[in-house]
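Below, chain A partners chain B and then partners chain C, in two separate complexes.
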Partner chain A sequence: MSTFPSTRSRGGIRLILLRAWLPAGLVAAWWLASASSTSLYFPPLQTILETLGADWAGPSFAGHLLPSIGKFLAGFLIAAVAGIFLGLVIGMYPALRAAVEPIVQFLRSLPPPVLLPVGLLVFGIGASMNIAIIAFGAVWPTLLNTIDGVRSLDPQLTEMTRSYRLTRAQKIRWVILPNASPQIFAGLRTTLQMAIILIVVSEMVASTNGIGYYVLNSQQTFAVPQTWAGTLVLGALGYLANLVFIRIEGYVLRWQAGLLAITGSGA
Partner chain B sequence: MEMTTQIRQLPAQAREGTGRRTAPRRSFAAGRTGRMALGAGTVVAVMAVWEVLARSGAFPPGSIPPASAVLAEFIGQLGTLGFWEALWNTVSVALLGLLLIVVVASPLALLIGLVRPVQESVWFVLEFLKPIPPVALIPLGLLLWGPSPGMKLFLIVMGAIWPLLTQLIYGIREINGVGAEMARSYRLGRWLTVSRLVVPSVLPFALTGLRISASIAVIVAVVTEMIGGAAGLGQNIVVAQSAGALAEMYALILAAGLLGLAINAGFRGLAKPLLFWHPSIRQEGTL
Partner chain C sequence: MRMTETYPQTGTGSAPGSADVVLELQALQKSYGAAKILAGVDFQIRRGEFVCVVGPSGSGKTTLLKCMAGLLEPSGGQTVFEGAPVTEPPAKLAVVFQDYSRSLLPWMTVWANVELPMRNKFGKAERPARIESVLEAVGLAGKGSLYPWQMSGGMQQRAAIARGLAYQPDVLLMDEPFAAVDAQTRIELEDLVLRVRAEFDTTVVFVTHDIDEAVYLGDRVIVLSGAPTTVSRNLAVDLPAPRNQVRTKSLPEYARLRAEVFELIQSAKSHATIR
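Presenting the complex of A and B:
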């Protein structure tokens, strides 16, 4: 436990090799082990990948993938904007915070999928239901983190904004939001993961297109290679969404890395 | 240094004009009962609005029954055996899954956190598996094993292990280097090093990870019940919905929310005695 070697003096190629052998090995092992498989449930990886290419590069791309991404983005954006806006308002007024706390705590503790039947009853089957479920189910982490971030403002900074006579809008834009942004992004990341879960589940329950619908439908019709292929697409989608999010976070919070390096402390 | 102390001392007189600003802060921290009254008032108000809207037909027909009906049904549910059975089905599998997750994740995290080549080797696999939505595997699980408790357990472990594993790895790597060397020069021995250095360093991370893992475990359990038809709270909700028993459905949703609240409260209760020395607990105020 005493040794935590630094990465600095490590060859780039060696690192890549070190990181690549296991994933490559796993895929190869899967390929070889399943190559001559006749099991109904474990088709050869080759078959799965062929299905993947034939389906997802073809009809399913426009028929299932694009609708899913569209609904997911819409739901996530609504959740993000609503969470940040409401979080700002609630965070700035202690009385309001005290008033809504029990309800917010209850709603954020609710496992979001249990809202699916409610969404079905209110919106019926379709895109608006999927989007509403994502927005309502995934908003809480962002909301709570924004409230926390707003509250964490140093009282000295508050006084500073008063002496500079900043308007409310200026104060929010230049003081409160930057101060809260690391926490807001931590919340947004959880919201993103929730949103991905909810788009999949809501499409399984209440949609006639989308990846969730595709995967569950192929499972129910025993289209085994399709089930595997759809699961792989879902995994890839989750991975890519996370990657894009980390990029955006790094860009928006780029000022913070420099600040941390100077002050040597967390925000 | 001088400057900051001065600024810190100044407010007593300088803040006179800003008293209005600072006053709510103090009364807020002090007035716990006031806060609770405000919160309770909102809950009652929301219920009342819900009741009025439902009775006046503002909601789409057949979508949301009045609050009073849901509350009555909820209390009625508490008296039935089926409700507690369903709740136990959900909770027990989630708990068992969590236990398995701890058993699997702890040695893995030690291995990954302490052995550099292992850490680099599994980096991509972990980074790839982590963001995969935990519910993506449900159709596959259903296909392979049908709606059995074993399938539920497998999906929970696969879906909810990542937060704990990542947090544990962070925690292990976060162990203070100076502290580790200090422990060595003082020849603290294995037991003292582990109990005085390793556990306190890792514990806050472990609790955070476990809390997130727990909420994901419940989500996965409920979804497998709703979609896969395994027995539990999720299945009862779907059954109530398809039977048109709306009050029952909402009562069960209420129960699911209270279960989530109980889990959060449980972790907060766990954190207090375990992390009483940690800054986050020592200065814990509200929310």
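Presenting the complex of A and C:
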């Protein structure tokens, strides 16, 4: 962890170069290969980027990007909070777990897109439908991982909390949730990926704004540079969301990183 | 300081002077299914005593400790702590577990680990000074910001002891606390426990399988038989205080006590093998 500052910054630059050369090279290759393209389906990258700049820095920013981000965040947060809360309750009570396990297994086996027709019927077209689809479709990995994480508490830690007479709230706050946090975050990561997929799918089917709507609409109207530009925006959004997630995970689980570094990941 | 007292060879019923008895086991039994582990264990612990409970492996020492701590319900008999039967972990009793790596919380610093059980006993304002004083007492002054996994096994067990002391128990139960540390560290920790016990005026019940440790530390040694377990001998240890690793261990009385406990354990073992 603690290296000399000069070594660290040199290492940082080296890492950026190591990560950047391939994407940069591919973009350059795309640019060159498509420069003189006259194909309707493969417009020059320059055209795509110009469209992207004109559209997504302009009207689509407020018209499509912000609504998508808003719905995505709302759906993801509902899925995360509901997954952790329900997982905690189910994980703590074996009798409840036995009762709900078959239902949970059934519901999580449903491919989320199959929920779209029902969602349309119940919520109609609009933001609440998109958010509901994301929340319902993406909650399962977090829920199941939280149940597992809560159950994985070492019996000796349970005895410790009992002998020191911790209250239930103290036990949850200081012992059960931190103990489950590595598994909770692994679940949240999958929930995040599913949320990104579901925002696109649900906007394609049941929305009049958002990136998913924009991409499908531009494809259907043969606005090919727009289709490409929307796809790039989606990719960037997913990439950034993942980046933010990893930063938060790294901060919350910093104790685990240190622990694994010392004891080895096998422990 | 330490009075010469005679104890009944097997502590049954209420001995004279039961006013200062802080913990009493009355015909304590525990069975798991058909397997009888504890077959009626009786003894008393007086306020301020350091009592070592020693027994052969498999004699149910940990089971006994858990029944005393209110973590395990006995199948028969009872533990009486400060006049009341134990049905749940008493607030004035703390346990230091054998496996420190599974009893300290790795996501918390040492400071936070020590503070956690204090939350129900001490106001926010009184905690820091007390945490500092217990960390100081166990030789971890200034180490509060470390995580347990950044420390050696000996330091982790010191932190677990600090957590027990900070809880301000009347009785500290220790379950083979030094079984997992190396010999050098063990010697240091033995003397540390004697020191903090005097400093914090705590009654200690120290469960161990180590005969030397039991005789060196205890004011009294309770020797258990093999399972099904009863008390086979209740020995007063009449060695001068303060104990010293070299001087105490070269006393003839130390050798005699050690031999006596050794033979009791050996006979308990052979008895267990024959059965």
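Keep in mind that, in the parts below, the second predicted complex is superposed on the first by the 240 of 267 C-alpha atoms of A that agree within 3 Å, B and C clash if a C-alpha of one lies under 4 Å from a C-alpha of the other, contacts with A are read in each partner's own complex, and residues count from 1 in each chain.
Simple rule for what comes next: a contact is a pair of C-beta atoms (placed from the backbone, for glycine too) under 8 Å apart; a residue touches a chain by one contact, two chains touch by 3 or more.
Quantities reported herein were computed from a predicted structural model and do not represent experimental measurements.
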Message: Quick check for you: in the superposed arrangement, does A:193 touch first (chain B), second (chain C), both or neither?
response: first
Message: After the superposition on A, what does A:122 contact: first (chain B), second (chain C), both or neither?
response: first
Query: Touch check for A:181: first (chain B), second (chain C), both, or neither?
result: second
Message: Once chain A of both complexes is superposed, is A:159 in touch with chain B (first), chain C (second), both, or neither?
response: both
Task: Have a look at where A:99 lands relative to chain B and chain C in the superposition and call it first, second, both or neither.
output: first
- prompt: Can A:169 be said to touch chain B (first), chain C (second), both, or neither?
  reply: neither
- prompt: Counting only touches as set out at the top, which of chain B and chain C does A:13 meet: first, second, both, neither?
  reply: neither
- request: Check the residue A:259 against both partner chains and state whether it touches chain B (first), chain C (second), both, or neither.
  value: second
Query: Residue overlap on chain A between the chain B contact set and the chain C contact set?
result: 156, 159, 162
- request: Going by the contact rule at the top, pick out the chain C residues touching chain A in the complex.
  value: 66, 69-71, 89, 91, 93-95, 97, 99, 102-103, 105-108, 116-117, 119-120, 147, 149-150, 167
- prompt: Hey, which residues of chain A end up touching chain C in the complex?
  reply: 154, 156-157, 159-160, 162-167, 170, 174-175, 178-179, 181, 255-256, 258-259, 262-263
Task: Note which residues of chain A are touching chain B in the complex, please.
output: 1-2, 4-5, 15, 18-23, 26, 41, 94-95, 97-103, 105-118, 120-122, 144, 147-148, 151, 155-156, 158-159, 162, 193, 196-197, 200-201, 204-205, 215-216, 218-219, 222, 224, 227-228, 230-231, 234-235, 238-239, 241-242
Task: Would you tell me which residues of chain B are touching chain A in their complex?
output: 7, 18, 21-22, 24-25, 28, 34-35, 38-43, 46, 59-60, 62-64, 114, 116-117, 120-125, 127-128, 130-140, 142-144, 173, 175, 177, 180-181, 184, 193, 198, 215, 218-219, 222-223, 226-227, 233-234, 237-238, 241, 246, 249-250, 252-253, 256-261, 263-264, 286-287
